[in-house]
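Take a look at the structures below.
After this come two complexes, each holding subunit A, first together with subunit B and then together with subunit C.
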Partner chain A sequence: MSALKCVKCGVELKPKKTMFEYLGNTFSHEVPVCPECGEAYIPQELAEGRMREVEEQLEDK
Partner chain B sequence: MKQQEAIAYTERCFGGQPASCTSACPFGLDIRAFLEKTGRGRWKQAYRQLRNAVVFPAVTAELCPAPCRTRCQRTETGDEPINLSGIERAVVRYSPEKHAENYVIPAKNGKIAVVGAGLSGLSAALALAQKKFAVTLFDRADGWGGVLRTHANFAVFDADFALAYENETVEKRFGTEIKSPGELDGFDAVFLATGDGGGDFGLAASFDPELHATADPRVFLGGGLVGEDAMSAIAGAVAAARTIEVFLATGKASATYADLKKPDCSRYVDHDGEPSSPLVAESADGYSGDAARAESLRCMQCDCNRCMAGCEMLARFRKPPRKISSEVYSDEGAAPPYSTHIITRETYSCNDCGYCKSVCPEKVDIGSLLHLSRVSRFENGTSAPALHDFWLREMDFNTHGASFVSAGAGRGTCEYLFFPGCQLGAMLPEQVESAYKYLNAKYETGVFLGCCGAPAYWAGRDDLLNGNLRGIRDAWETLGKPKFILACASCDRFFRELMPEIETATLYELLDPNDFAASEPYAAAVFDPCAARDNDAMRGAVRALAARSGIAVSELTEQGKCCGYGGLIREANPTLYNTVVTNRIEASEKPYIVYCANCRDVFRSKGKECTHILETIFGQSSKNVTFIAQKRYNSIKLRGIMYEITGTPVRNTEQNPWDTLKLALAPEVAERIDRKLIGGDELREAIYNAENGGGAFGSDDGEIQCKLTRGALTYWVRYRKNGGAFEVLDAFYHRMKIAGTAK
Partner chain C sequence: MSVAVKPGAPLRVASRTRSVCPVCLAAVDARIVTDGENYWLRKSCAEHGAFSAIVWRGGGEFADWWLPTPKPTVPRDCPADCADCGEHPQGTCCALVEVTPRCNLRCPVCFADAGDGAAEPTLGELEREFRSLAENGNTFVQLSGGEPTVRDDLPEIVALARVCGMETVQINSNGLRLAREPDFAAKLADAGADFIFMQFDGTRPDIYEKLRGADVLADKLRAVEVCARLKLGVTLVPTVVPGVNDDDVGGIIDFALSNSPAVRGVHFQPVSYFGRNIAAPEDGDRITLPEVLRKIEEQTAGKLKIRDFVPSGCDHPRCGFHGDFVVLPRGGLIKLTKKYDPQAPCCGDAHLKNRNFVSRRWKRAEDADAPSDDADFTELESFASRVRTHGFTITAMAFQDAWTLDRDRLARCSLHVAKNGRTVPFCAKYLTAQC
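Our next item is the complex of A and B:
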């Protein structure tokens, strides 16, 4: 797959620290973000891998 | 929730409590654990346990009258009770290590005189010496043993006493008779155990058997002097030693916690089906090691673990019921990050099928306890909404978008009201239509497409549940309080539990087998939904219909267990969900006849051949598995059909702009996405937004990825344009929210 671009802004995504929130907890992780509009992109491997693990850990707390 | 409220759910549970034999033992020996050790030939460990409880193992093995035999449940299978004394003798003989423990603790202040070196005096003196008090042991005889000095086995007992005392310093003043209390003035406490008819310093009349105390605060009595037999002399002296310790520390004799812990097992598990196991005879020389092990293995390890053995969730988390209730309570007060919840995953992993209660001799209901916890977590804001979000949105769809009520063509009220339930119509719309036509031809029947509220109940959402119940009651009253005809066992359960004022019957009871033709005969097993456990009429009616269809019906050995769907645990615990479903599927190699749309869906999605009873009489569905998108479509279609049949003027149903978007999915993609509980509506709306100026990400090969947040979930869809359709390549979701990029 070639480099992802933001459809609206037409520019390539750049990795950027992004804030996430779940069940009252906030944390940050670097994900591809549109440098123009700031929309973040979540890769499937991240959502179904590490993100799911953290989600489950927080649900158990 | 109050602590008592949670504890009350499991207080009748006797799992893990002392067995009946232990409650009869003068020493409260955990006989179950002891025989578990001896059954494995672990003589050393068994010896240590025995010595810690009975003080002098060889003496007890010989002299204990074994009252445990009178409470041994082995007799329930028509056999002799376990020969515990014989096993104790074997332990004494075979233990490779019998030396006493040597505890290094500092000496304590307190001089104690023990008068009489029989079993009572020896036990008290030993217990006090182990606590490192300065103990002086008097006896008028020239050695220890008291009345046992003339016993045929005294040499064995003598060796046992010597072993017990090998590490303790006790001043032994044998050959010394104490005649008056004045002789013991220098001692802080006195334990008198002078035997039956021995000197009592005139204190026997004031003897307090609970504390072994007397009118003289520093003098305690025990043994034959106060009528104790050999075993209670030992047990009593150990208790008296604890009281003396309290007396020396506080100046007042009082009972210790250990003395208050009197086991009382009045409740038993039954031993139905347990095979008989005859006594292993003990020869004159005693048991061989193998024979002692064999005799030990006759112990049935009487303890109740029925709920934990039968329920995958309880077995997986391995928490006994009493622990669950205390944790349900303590979770209430958890305040992360300072303290955390400890039973969240279990709470949302319960199928709420009632199996635990059904097998419990005391009817302990863990499912209801965990349900209480779900309700309370929602109320205090500590639930994880994502775990039930999908089903609550489905419920919203079924109670709004796809709901429909009519008394029937040309009627304002009706005698019966057919309530097929949300899932049956979504999966088998044609069969529901046929069933309604059948009912309406026989009875004055209206129709109500809606939801009983199970998803709200399982999410702990009393607010949504009560709102839905109000809607059902309103319709019921408007239509002249008809009798509800229910097709789903869960609806049946929730109607009975939550709306007992509404009269109900199940569809299957109203379908007369004689009205239907037999089909090709085949063999199948009936899988009863867990919610039908208490509804014999429903269970019987389904079997009659199956038999009429020509099915050779067989019964499953294990009944009343949930298919996996109950409690909606799939998101909270996918691994457990898969285990439960697999176990149910493997309960029989035969295809299943089911009468719950969810059982059908769950089994078919894992490749198990199964047929809904309505399919056997109204025709098979062409769909093997119904995907979420199709279910919603079916529900809407069924509503349209009901409009028509009942002659209800069609309302202008709201259309979303994305409803007409054409999707294309390869079969494996459709299945994969469906398993993630992502429906066509989410896909369409996400793509529609992306195509109409919403945010999206694209690559040069034409693939586009876009997102949509619905409820507690954020969905992502990867697609490309393919002619006039949108080809969906994959979809997924996450529960976290993107809160923005860092500065």
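Our next item is the complex of A and C:
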């Protein structure tokens, strides 16, 4: 896969451990991030994989 | 015989409902009155007089539990001849099937009447029950009694439930036979039992002597060990009785947490008065849900707070509470409980969500690639693993008896007893009149 670039800044995204809020909880995960503007990219496999799994686990009663 | 209605501070009516006369079980009008802190269910029977029972001791911090909920439309004589009136807004989360009336204990606080002379259902009858449940989409079964493990063919019954389509098989048990015959427990696990709902009233012998008539603490501890080895999930189920074990609420939680992931949670049941408990109870004989929550907070050294718990979303909000957690290495906790949303639909698929939730949390789950104890559990991968293997719940259910029965709560029940192809709410099934 070719390197991902930030649409806004045009620079290559770099992997970075990133904190994010999801379903009321705070998690961290290494995702591609623009070193200029800080925009993070959530890969499809992450959204449909681990994040969906966590979402299922957090489904309350 | 009537119970005197106690005089008190100025009261207002919090809600109106229907109930039963605790003597003749005739359906009667009832009202819940409050002084702002305490709530009593009051009613009168033309023949047997006036009755009052405390149902709630808790003020403003428990306001969520009193937010308006939809009024059900059920027959006026409910729960007389209760059986699938079709008016209940709630489906079946969990179906309880009695496999025997026999028991190897004789507890004064048991909901079942332990009628040793009653007949046990045959395997054929149980098969018909399981198939009927499955046909109606009810695939979460609790095998109950009596004490189910007194049946030597319980492993066959578990396997039968599986064959008939039960996706989750829970066994309600006092744990004695599991402790004393680990091979029998292994057969249950091999047959497809998912978890044990284990009567566990405390961490001291005197509690069992009072509630169960014998010191069976060593058996309880042994049963937890046996189930841990077999990867059979265990949820501890204390009956909470004022003055007996309400000072051990924190002790039970500490024991459960220290035995995670073998122990999947604690399910508190404030004592109710049915089955063999048919003398008229005083208000002091009762402990209500807010009091259980306060004791959880007081007795866990700040680890757990009342705000970590929310009303039941599957049943009526005043029928129970739940808290959802992940147990971390060295005793830490991640708190997952979502804020209570009284507008969330109580009907529709709420019972299915609850079924999925408890199945997920109460079954053991393994992860061959589990992160080390030093992992960062806020990291998505580590969290995803840990929540599966070390999810932990603290829940409660306040069963209703002939004095406290509130039809609005009954109509929201999702714990149903299955018999002869029909399902009825738990508290209607076990309702017993005062002698």
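One rule holds in what follows: the second predicted complex is superposed on the first by the 58 of 61 C-alpha atoms of A that agree within 3 Å, B and C clash if a C-alpha of one lies under 4 Å from a C-alpha of the other, contacts with A are read in each partner's own complex, and residues count from 1 in each chain.
In this section, a residue touches a chain if its C-beta (ideal position, glycine included) is under 8 Å from a C-beta of that chain, and two chains touch if they have at least 3 such contacts.
For clarity, every value in this text was computed on a predicted model and none was experimentally measured.
Once chain A of one complex is fitted onto chain A of the other, the partner contacts of A:28 extend to both subunit B and subunit C. Look at A:3: by the touch rule set out above, it reaches subunit B but stays clear of subunit C.
By the touch criterion stated above, A:39 is placed in contact with subunit B alone, subunit C being left untouched.
By the touch criterion stated above, A:13 is placed in contact with subunit B alone, subunit C being left untouched.
Ranking subunit B and subunit C by residues of subunit A touched puts B first. Contact with subunit C, but none with subunit B, is seen for A:50 once the two complexes are overlaid on the shared chain.
Put simply, subunit A uses residues 19, 26, 28, 51, 54, 58-61 to touch subunit B in one complex and subunit C in the other. Taken together, the subunit C residues at the contact with subunit A in this complex read 312-314, 322, 324, 334, 336-339, 353-354, 356-358, 360, 376, 378-381, 383-384, 387-388, 391. Contact residues on subunit B toward subunit A in their complex (touch as defined above): 336-337, 340-341, 344-345, 384, 386-387, 572, 690, 693, 695-701, 703-705, 707, 714, 716, 718, 730, 732-742.
Residue ranges of subunit A in contact with subunit B, taken from their complex: 1-8, 13, 16-23, 26, 28, 33-34, 37-42, 44, 47-48, 51-52, 54-55, 58-61.
Residues 19, 24-29, 46, 50-51, 53-54, 57-61 of subunit A are the ones that touch subunit C when the two sit in their complex.
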